[in-house]
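Input: structures, listed below.
Shared between the two complexes below is chain A, which has chain B as its partner in the first and chain C in the second.
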Partner chain A sequence: MKRFQVLVPTSLEEALAMLAGGGGEETLPLAGGTDILVRVKQGKRAPTRLVSLTGIPELVGIAVQSDEVRLGALTRIRDIERSVLLHGSVPLLPYAASLLGSWQVRDLATVGGNLANAAPSADMAPPLLVLEARVKAQGVTGVRGFPLEALFRGPGRTCLEPGEILTDISFRIPAGDWGAAYIKFSPRRAMDIAVVGVAALVRREGDIIREGRLALGAVAPTPIRVEEAEALMAGQAPRPEVLREAARLAAVACHPIDDVRASAEYRRCLVEVLTMRALSEAWRNSGGEGGEPA
Partner chain B sequence: MPAFEVGTAVGSRTPLLEAREKVCGRTIYISDLKLPGMLVGKVLRSPLAHGRIVSIDASRAWRVPGVKAVVTGSDCPPVRWGGMVPDQYILPVDGRVRFVGDEVAAVAATSEDSAREALALIDVEYEELPVLLDPQEALSSPVEIHARTEDGASPNLAFRHRVVLGDPEAGFRESEMVIERTYRTSYQNAGYLEPVACVAEPDGRGRLTVWCPTHDPFAKKATIARALGLEPHQVRVRQAAIGGSFGGKIHHKSYFLAGLLALRAGQPVRLLDSREEALGVTYPRMAMEIRLRVGCKRDGTLLVKEAFIVADNGAYSNSAPAILLVALDTADNMYRFRHVRNEGLLVYTNKVPSGPVRGYGNPQHTFALESLIDELAGELGMDPVELRLRNAVESGEVTVHGWRITSCGLRECIQETVQRAGWPGGRATEEGAPPAARRGLGIACCVHKSGARKDPRYEGSAAEVRATADGLVTVYCGEPELGEGARTVWALITAQELGVSLERIQVAPFDTDNVPYGFGTWASRVTTMVGKAVQLAAQDLKRRALALAADTWGVPAASLYWEAGEVWYGDGRRLTLAQLAEVEQVRRGGQALLGRGECLGEGMDLQGAQPFGNLSMAYSFSAHVAEVEVDPATGLVTVQRVVAAHDLGRAINPLMAEGQIEGGVVQGVGYGVFEGLSFDERGRVQNTTFLDYKLATAADAPAVEPVLVESGDPFGPFGAKGLAEPALVPTAAAVANAVAAATGVRIRELPLTPERVWRALRSREGGCGR
Partner chain C sequence: MKEISFWIDGESVAVSVEPDETLLYVLRERLGRLAVKEGCGQGECGACTVLLDGEPVPSCLVLAVRVAGRRVLTVEGLGSPEALDPVQEAFVREGAIQCGFCTPGMVLTAHALLRENPRPTESEIRQALAGNLCRCTGYAKIIAAVKAAAGTAEGGEGA
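On to the complex of A and B.
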């Protein structure tokens, strides 16, 4: 492993200055380190300077104010998993957090790191996509905000400029009756990566799906929303044929690859099966009756 | 130290002697060793699965500051050696590389950075050669991975063996039902926690000490000497704690390379594998394709069995021929087959060399045979348990391969597991199970040896037990402990025989300079063979102590008795073992009181035809019942529960025996469901991290219910037999049988990954998922 220097700023300004002032040396932000340090060890990245963000207080924390939730980008996955606030308001997030890596990994990994690492399989991405999260990025030149979807550009690629970091993730808790679900499919129950991840969110009005949202992980170059399926569900009762058609559209919309973990064909089928299950579970979590998967 | 009454050591639930220091992180492993002046070694590996080295230039590597040695094929003695077949050099003297990861060169330097930099500066030009990955293809290919063997056999055939017993043709004619099926198994990594570490240290008198975690240090001492061009007496093998092995550390190139580097540098050198090396380039369990044909009567009486095995040797042989032999002669002995014809071909391919992993070749063949027995039961319309009970061997029988069964709890194992698991229904579907989840139970059995004749002349173990005036009793034997608890077993046996408390007993650290010769820790032999030698040595010590006391007091030895580590005379006089050791010390110029014991493998065929016949002193049996849940839409198999009954003769330490079974079952579930190396079309292992090599985690472990069946072997120490390998052998078949019971679909290839199960279900049911 190549040697590198770790810088430990205590304020955001200091951190941004360090990231901008590498003087030609490769400088990368360091959050929990559970992805970047593995890459460095494998020789896939060779930064000479890492700027640790964990000592910056304003980047850490979970805040819920009326219907607005804000997660500091450096909030640890384990803290999301254990947050009483989130358990009460958005149980989807603590649940998804509990599926990431191992206890030890969750103790280090951060939500911003999980997103900015831009793995197609990132466990926090599909749930935050169906929550229609927005993110803020900051660099020496200023702050900008944009929808989470716009962050992802490809495997390991984001729209962040060099020297720019994610600072926070926020979303509005849906109004009225709603429910959500995340299904992570992996051979092992822990310490594993999603072969397919499916997040669903349903806003219910009586027996009708007012709005359905669907996001997929690990089946495209980035985590994706499935708008075709969402459009189909809006205003429909959760009848088996509706769920089946939404699932079919999701399977059509994804672009999985063949790799050591699964074939594209199998992943596509999993998307179909798990979409039905996730929608059904989200419907039940919204307090709806019926909605059994077809 | 656990408290137990003196003389009740055997059968007590005693934690591993080293448990506390291990849990507290204080155990010293070979990877922790730091010798003065020790250098960091690194290995340059072939990026090609098959190639010829056109040129290699290490001159730039030598110029890196801190580099003390750089070695390539030209620095290597031109000695071909191997575990059984001499098919390798330490480095490519012949200029050939045969798998991705094949060792091409090595460096030793004062720092990790220098070593790494030097590796990058070794210039190698390769010429690519055609790559053979499929054993069937390799058998007929004009490409030769190794030079054609002398007997003119087909190219790439490393070894071939055939065994014919009885009259198989007549057996098939007599059969009223014959079925034939083909099964395939995977490449399972040993999955040890501590990657291989090896330290070699030259001394000023031309001797080389190699600290290595192998199972057979005396055999390695000889091979290392031969490969390095040294005399046998010039190599000494020592060990520190070993962080697991499961057979995977028996062979390793580092044991030789560290020596080569250390001799070149004149300084100690350490080689330490990365996890990527541990998974990608070191010795998985060999994959086999096994075609079975079995004939029986309508009532299920098994008559005849035929097997044809094509085994993937990988690029070099190591123990592969012996592994194939174990596949050819073991599993059949569970049942009363009258005729057997087994044939196996071991084929070179351009893949990572295979090696021994827990069970040798038995798990592969047991998966096939125990799957087939279930399929046969289906054809006959019989309960698979009933079919097994009808054919199970019993104590006193001689099996078709000539094994003399001196103790056998197979029937009891089957009955216990079936009863405890609630055969055949199992439990109802649990709350929270996926929609339409299907449950099923499956059973599989196993037979395994407790020691095996490796040297054609003998199988045996030797031990010494030494009592000293300080009150200590020290056990010396020639087999390493791998973390499985052998030393605790030997200490308990000594404690039981002598009536001395466990805290006064130690087992000497392994060092070929100081312990008796030993074959090694394999074939589940160290409790049985070494344990017996230790027991006999303790008895010998007791006899000498009694004679010494008789002589001291001037009374007949027959009038003395032994109790709780002391010699007593009728009038109340007594002498402790420590006091007697002091008497011996004073009388004999400082000698210790020494007992010696040897186990010569009672009842074994030492003159019989190699390698078959009665090749072990005792045989162990087991039955596992697995309960699985299958999600038919995704193919995900969850092993919920395994009831595992093991006839281990006698549990020397039930606590450790249960632990051994639990670990074996989890590793067996891994073999059945999770684990397997995958290769790309260029022969590269694709899953070289624990992210993608799916070792089962604690969260994936089923509830394991160990059941100890004590059949009491007449030869084993206190009736004990081996347990280490059998704990894993039947699990994969039990899982596959349970999946078949749950879904009605038979999967004949390991592992039962979700995608494989999904494909099998889909081909029957059609459509995507459902």
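On to the complex of A and C.
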């Protein structure tokens, strides 16, 4: 493993200056280290400098203010998993967090790191996508905010410029009766990445899906929303044929690959089945009756 | 090299480290804590688990410079051969140790679990230990040991 220096800023300003000031040297941000250090050990990345972000207070925190939730990018997955605030207001996130890695990994890993690492299978992505999260990124040149969707450019690639880091993630708690679900399919029950991840969110009005949101992980170059399925569901009762059609649209919309974990064909099948289950579960979590998967 | 000081098994130490040295490396090579094992070096197997400020972490993925001022607990800080910690005692009694390589990590994670959840269900034990792999035992006796240490074993034997 090639040697690297570790810089330990104590403020965001200092960190951004360090990230910008690399000169010819490769300078990378270091959050929990559970992705980047593995790649460095495997020889896949060889940065000369790592800027440790864990000592910067303004990057950490979970805040709920009226209907807005804000997560600092360096908030650890374990803290999301155990957050009483989130359990009470958005249990989808603690649940998704509990599925990531292992206890040991969750004690180091961060939500910003999970997103910025941009694995198509990132566990925090589909849930945050159905929550319509926005993120803020900052570099020495300034701050910019954009929808989470815009972050992902391809497997392991984001829209972040060199020297730019995610600083926070925020979303509004949906109005009215709503429910959500995240289903992660993996061969092992822990310490595995998703072979297919499906997140669903339903806003219910009486017996009708006022709005349905659907996001898929691990079945495209990036985590994706499925607008066609969402358009279909809006205003519909969650009848089996509606859920089945939404699931079929999701399976058509994704473009999985064959890899060591699963074939594309198997993943497509899983998307269809798990979409139905996730929508059904989200409907029930919104307080709705029926909505059984077909 | 940079000098850092931190607490290891209740004792304050100062040690010189390179910035890219992991806590695992420093614990084994500089501080002689050979009970902390390297299994995969990638945070997957749990053999290198130590408690950092009470929380289980894969020490192979923690850069040593990050533990300055913090508290690290290895299995050697849990009990002594004359006075085993209840989790260690239960592992011995239940036959939960074969080659012993996973054992330090298992014991520490189990210890952390019981500290925050003194009477875990079997499902909670399995979830908590999901980041600690064992190639010898098939896990059954490890789970029985954690239950015994918690005093929740069938047959009602106390901790």
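Definition applied: the second predicted complex is superposed on the first by the 294 of 294 C-alpha atoms of A that agree within 3 Å, B and C clash if a C-alpha of one lies under 4 Å from a C-alpha of the other, contacts with A are read in each partner's own complex, and residues count from 1 in each chain.
Please note the rule applied: a residue touches a chain if its C-beta (ideal position, glycine included) is under 8 Å from a C-beta of that chain, and two chains touch if they have at least 3 such contacts.
As the structure is a prediction and not an experimental result, all values here were calculated from the model.
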* Which partner does A:189 contact after superposing on A: first (chain B), second (chain C), both, neither? -> both
* Of the partners chain B and chain C, which touch A:260 in the superposed model: first, second, both, neither? -> first
* To do: Considering only touches as defined above, state whether A:33 meets chain B (first), chain C (second), both or neither.
  => second
* With the two structures laid over each other on chain A, which partner does A:273 touch: chain B (first), chain C (second), both, or neither? -> first
* Using the touch definition from the top, say if A:251 reaches chain B (first), chain C (second), both or neither. => first
* Of the partners chain B and chain C, which touch A:11 in the superposed model: first, second, both, neither? -> neither
* Based on the superposed arrangement, let me know which partner A:3 touches: chain B (first), chain C (second), both, or neither? => both
* Interface residues of chain A shared between complexes with chain B and chain C -> 1, 3, 42, 102, 189-191
* Structure fact -> The residues of chain C that touch chain A in their complex are 18-20, 22, 41-44, 46, 49, 52, 55-58, 61-63, 65-66, 109, 127-128, 130-132
* Structure fact -> Residue set of chain A touching chain B in the complex reads 1-3, 42, 102, 185, 187-193, 195, 251, 260-263, 266, 268-270, 272-274, 277, 292-293
* Asked: Inside the complex, what are the residues of chain A that reach chain C?
  -> 1, 3-6, 8, 30, 32-34, 37-38, 41-42, 50, 52, 54, 78, 101-105, 107-108, 189-191
* Asked: Within the complex, which stretch of chain B touches chain A?
  -> 112-113, 276, 434-435, 633-634, 636, 673-674, 678, 686-687, 690-692, 694, 696-700, 753-755, 758-759, 762, 768-770
